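So, here's a batch of structures to check.
In what comes next, chain A is part of two complexes: it sits with chain B in the first one and with chain C in the second one.
Right, the complex of A and B next:
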């Protein structure tokens, strides 16, 4: 190689030149690469810085998040304890059960009212731990308990207006009223909540009120008897003949007074129902005969209003064990309502049939004024009268259906209705052939 | 029927009602004596003989239940018809325990019906 190198000076010069050029080209390439590297380095630095910023940001966010989680947790804890405090301090007894009816929560009032501590009964069956009795002291079976029925989806919200008794741990009892509602999750009943209160005070006030009504009604009867007897004596001419005009006036007095007597009697019936002093004397009763005699009794009103009365008494209706005096009141109420609340020339149908092997069905239908839909849920409430009939009839007291329902239920039956305003109303009463309880 | 009129004792504190009853029953041919409380009622029952007593329940001094009790202990055997405005089953039951057969609620019964029932009752005892 040296030999070749030193062959000629021209060669060397040429080669050096070539080398110089190659070097220059390489240098340029290097410069370019260096520039590129510098760019990359700069970009990398930028990215690094960006990353640093992002990292810092992330760190900050993380810190904030943690703070927020802590805050939220604290809030939640606060809400939960607040909720628990609210539940605990509700004056009414509260019990939450799961779908098997096992107690999962009770509040303080529950503990105080029933004498049980939460740790003694959580996980146990509510209907077994806390027995219920009706006002007559008859135990209510598990199946009949509202809680059971709500859990089975038979009732959505049960509001027990009829008082019953809860039995405490120490076997003493107190009157309560309660509301039971299902707990629904994803359209499934997963449990129920019952809220109940001790109504001893209310019962006492109610009793005093009823006793007052009873006493006042008896007192009212004395002057009513005086007006009755003396106007009757004037009408029969006991103290001399009266003119036709005078007779008309006397009849007004007599009839007005008679209405007051009826009202007092109704009030007394209500007090007897409420005091539980209605003595029920069951005997073998022919409901068809009773219905026929009520129809005969109300025939004057039926004829006066030109009402068409259709009857249907099935021949297979058996005699039932019931109190004829009370059964009569039910039929009287339903029929007189149908006649009263049907315009002239309307139609009333009354039928008695065998409902199933255990009960008889009484049906009273009319094509009268009907009961407005928005008032249908109040129709059995004491003293309630629907808007659409108040103006048409001044004699109603709003007590008839309340009495009828109380009697039917006392007899172990059911009373309900279907009604379309200005079209028709049908009342249904089922009466057991013999009372089971 | 014998000619001496049947004697009825009305024990009723409400004077207007006692007067109306007295008027109607005298008009129907009965002999009437009226007293206005249980005490007077028992006093007169100890001395005189009556065919029927029309007895109110709520009265001052001695009420109708007390009259029934006294009649029982003193063995005063006169039929009693209760004329009252009490209508509780308990009250009715209490009087029945003293052997009372008729129980009439005044405000619910026309006076003519009361006279009718009294007449029927006294005629029946006459036949017996």
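Right, the complex of A and C next:
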């Protein structure tokens, strides 16, 4: 019994001891956990503080950004309205079209010049809204419109040489000069921009100038006629004999005056071409006969310079519908140039052949002084004379080829040349059998 | 009339040309040339003066006419009067010699029925005088 009691008391002690140890262990663990928690809490506090800083920073950045966006938007708006103001205020008419030729923008000058308001025509075809006519009042077709050509991929077309008219909303018209350029984005044509100007004033000035030349030329002819006829009377002996010495002087007066008459006539031709008053009287014309008569007329000069003249007139050349008076001027100009600008004993060839079924080809070739390469692009310019002939021949006016080209083109043909200085020059003129336009 | 008879008496074989031209030096040289060519010459400087001579002198065979003349009227007015319906001068040949070479003018003259249109500066006096002489020599003309 005692033994048993003893043993029970030992058990309790042991158990208590174990219990105490377990508690101690738990307490220690708790302490460790508490420490860890304290560390975590510290870390969290740091993070919280950092987040607070970041949030403040973000808030500040946001505010700045918002301010910047606002400023930028204001700037952009300003730039846009400035650009719009610039476009709108351009003194020339401006139209932007998309790749289908539909109007996407017009400026104020466009509205003023053509009488259309933007809202009436945006999205409509420019070519249809604003018809275009040539100087004679013939409408320019859709295909021929520069705008159409530019949209189809033509690189750039400046339309300054051919005067044309734009038709306003109220059907009246005004002379215009325009430049059309494609709008290219990522190497593709996305539309075109056209800038045009009302050239009424320029045309008036030009006309006044030409009329002045015409009037002056008429006035000049009267005293020229007096000198002409008085010296003629002296030379023919109608008012008494003159000595051989006096005759020589009179002949110089007469010839000099004759040159002046020719010059005035040439100026008159130029003014007629430019005023569009050259009356064209087309009739059935034999160009070969005409060429032969011009050759006969210029034979004295050909013989004097001992020039060898070769002719080739094909037998199948048909009669053409043309103004013989004007056609004659073309042949005269080309042949007299060939003779004038070829040294003595040179060679001149003139030929007429059927070019194709629609036109006749006139060819005048020589082995004379030629046209210097760097001046070839100016040879048809009014009053231009190449450097290499200015010293050699004093009679040229620089108007012959200008006149010839105007007449050929007016007749619906083409005039061009090939030349190598000091070697040869060949002028070619094609003339339609009947005028197409 | 008396004047005309007198002239006919003096030079019965000569034909008379009326020159209507306003430029004095030209009138003088044309007159000399035509006289040398064998014509009698009367000169006027305005359309009205020309028409007056046509009436007064009566035996004018041909007219040398310029376009621009002294006064408002031009050669066209003269031709219109000469060629008007019922005019006794409708068959008298008219030679226009002018420096006004506008095609419209030339067309108008030819339509009205003038016989020749020459540009002064482009012809010798010889040529024009000769043309007139040849024209008047044709038996069926006048």
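Details
Just so we're on the same page, the second predicted complex is superposed on the first by the 258 of 437 C-alpha atoms of A that agree within 3 Å, B and C clash if a C-alpha of one lies under 4 Å from a C-alpha of the other, contacts with A are read in each partner's own complex, and residues count from 1 in each chain.
FYI, contacts are C-beta pairs under 8 Å (C-beta built on N, C-alpha and C of every residue); 3 or more make two chains touch, one makes a residue touch a chain.
Keep in mind the model is a prediction, meaning the values are calculated, not measured.
Look at A:224: by the touch rule set out above, it reaches both chain B and chain C. When the shared chain is aligned, chain B and chain C each come close enough to touch A:238.
In the superposition on chain A, contact is made by A:265 with both chain B and chain C.
Using the contact criterion defined above for the overlaid structures, shared-chain residue A:416 touches neither chain B nor chain C, since it reaches no partner. Common to the chain B and chain C interfaces on chain A are residues 218, 221-222, 224-226, 228-230, 232-233, 236, 238, 261, 264-265, 268, 277, 279. Across the complex, chain A is touched by residues 14, 16-17, 20, 23-24, 27, 58, 85-90, 105-108, 110-112 of chain B. Residue ranges on chain A touching chain B, taken from their complex, read 218, 221-222, 224-226, 228-230, 232-233, 236, 238, 261, 264-265, 268, 272, 277-279. For chain C in complex with chain A, the residues that touch the partner chain are 23, 25-26, 29-30, 32-33, 36, 99-104, 119-122, 124-126. Interface residues of chain A facing chain C in the complex, by the touch rule stated above, are 218, 221-222, 224-226, 228-230, 232-233, 236, 238-239, 261, 264-265, 268, 277, 279.
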